[in-house]
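Following are the structures in question.
Two complexes come next, and they have one chain in common, chain A, joined by chain B in the first and chain C in the second.
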Partner chain A sequence: MSRRTETLLWVAQRASAAVLAVCVLAHLATIIYAVQSGLTGAEILARTRGNVAWFAFYTVFVLAVAVHAPIGLKAVLAEWLGWRGRARDFALIAFAVLLAGIGMQAVFGVFA
Partner chain B sequence: MSRALALAHRLSGIALALFLPAHFYVLSRTLQLDAFLAWTEQPAVKLAEWGLVTLLALHLAGGLRVLALEFLPWRDWHKSLAAAAAGFAVAAGLAFALGAI
Partner chain C sequence: MSAVLKVRVWRGGARGAYREYEVPRRESQTVLDVVTHIQRALDPTLAYRYACRVGMCGSCAMTVNGAPRWTCRTHVDKVAQDGRLSVAPLKNLPVIRDLVADMREFFDKWARAQGQFKGGRTRADDFERIAPGSEARRRADAAIECIGCGVCYAACDVVAANPGYLGPAALNRAWTLVNDARDATNAERLRAVAGDDASLACHTHLSCTERCPKALSPTAGIAGLKRAVSRAALRGEL
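The block that comes next holds the complex of A and B.
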């Protein structure tokens, strides 16, 4: 992997972390608020269905996660398992696509 | 403490990355949401949920610590930041547990 790509990934990791900090804080507050009265499917969908603000929020959240998690795993795979090179990079790109794909499916699922 | 938190940050990140595909999959199946929520009423699942919420808070706090150390002139604050991060994770876990029980 070129130095330029490494730098780009470092920046993407930090930028996505900054976005996720805001998203996770909001998510934690929502979780803690929502479990007070017990979770039901109807209660979750009443909050999210047709709500463009939640749709936009979760879209940003999912896409930031799809960037952040694979880059984080890249360091773990290299340092703890010694797995480097193209096969690892392809596996991580596949993981990013998987997260973005089923993540957006979930976002559409609770919105539509 | 800083070292332990760095390790906790990494381990919580791995756990969250492994959990996310399942989390997204369940949410994408909205018609089966109530059946799944009924399954989560089991004590062992509730405990796992508490663990995940605490890990999420821990990963957030650990990440904010990394960003603060890298981007702010707070080099001498290692220990205080680590303690604040651990404290935040415990507080979030407790808030969830009190609401969920």
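The block that comes next holds the complex of A and C.
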């Protein structure tokens, strides 16, 4: 991996962290609101189904996770297990795709 | 103050062991005084390294009671615990013998970080005029007093986890040059300090800043390098 790519990934991880900070706070506030108001699963689904704003918010959240986590894991694998190189990078791309896939499946689950 | 100090000293190479010596306590005694007493009065085979004895040369750093320190300016009063002292070579570097660590890798990394000044002017040119109060000059000033003792490198957890990491001292040096308007090779230098084995690997644990005997903050310099290489990467200049 070139130094430029490594640097751009580092920037992407910091930028996604900034997005996640906002998303996590909004997500926690939503959970607290839903629990405090005693909303049922059906009531929650009634609010999320077809709601483009919620769909957009959680899509951004999931994609930020898919960007952020694998880049952080790259350093963990290198420093703790000494795993570097192409095989690791492909494994991490697969992990990013997996996170985005199962995350978006959940988002579609409450939207569609 | 007890009359005798019990000192455990590392003997041998990487697979050596501690040996205990009893050293008379004296007023204003430094750890380097203790080690020197052992070599001169108790065991002439002890290998250690020092030169100036006054905190300028950076050659006497060792691990004292588990932490890297400059031994010539470390008073026994401040570090001895119950009249006991433990002295070992610096961590994160190969041990040559006893208290002498092999510094080659440490200084090779300064070279890899493009730590050499390379001016762009000749003797026919006028001097570069640098305002003492300019932001870049003040940033370079804050980092310039490094004596190359290796304490920060031995204290760094990232070096321990990733032996390829350039380390705080080399990056601190690069940071002074990045802020030096006279240097003509900063594009090349930024390439050298970008990437996972250079500035971006720093986890900001601040161990280097806590341990630096000159009270410098390599962490702050590395943070500056991270910003500089990020800007360069986004502009396509890396």
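The working rule: the second predicted complex is superposed on the first by the 108 of 112 C-alpha atoms of A that agree within 3 Å, B and C clash if a C-alpha of one lies under 4 Å from a C-alpha of the other, contacts with A are read in each partner's own complex, and residues count from 1 in each chain.
In this section, a residue touches a chain if its C-beta (ideal position, glycine included) is under 8 Å from a C-beta of that chain, and two chains touch if they have at least 3 such contacts.
Note that the structure is a prediction, hence the values are computed from the model and not measured.
Superposition of the two structures on chain A leaves chain B and chain C fitting side by side, clash-free. Contact with chain B, but none with chain C, is seen for A:A69 once the two complexes are overlaid on the shared chain.
Counting residues of chain A touched by each partner, chain B versus chain C, the larger count belongs to B. In the superposition on chain A, A:G50 makes contact with neither chain B nor chain C. Shared-chain residue A:L8: touches chain C; no touch with chain B.
When the two complexes are overlaid on their common chain A, residue A:A78 makes contact with chain C while staying clear of chain B. Here the apex is the CA centre of chain A, and the angle it makes with the centres of chain B and chain C after alignment on chain A is 70°, in steps of 10.
Nearest C-alpha atoms belonging to chain B and chain C sit 6 Å apart in the superposition, given in whole angstrom. Taken in their complex, chain A has these residues touching chain B: 14, 17-18, 20-21, 24-25, 27-28, 31-33, 35-36, 39-42, 44-45, 62, 65, 69, 72-73, 76, 95, 98-99, 102-103, 105-106, 108-110.
Contact residues on chain B toward chain A in their complex (touch as defined above): 10, 13-14, 16-17, 20-21, 23-30, 33-34, 37, 40, 53, 56-57, 59-60, 63-64, 66-67, 70-71, 92, 95-96, 99-100. Interface residues of chain A facing chain C in the complex, by the touch rule stated above, are 1, 3-4, 6-8, 10-11, 74-75, 78-80. Across the complex, chain A is touched by residues 158, 161-162, 191, 194-196, 198, 200-201, 226, 229-230, 232-234, 236, 238 of chain C.
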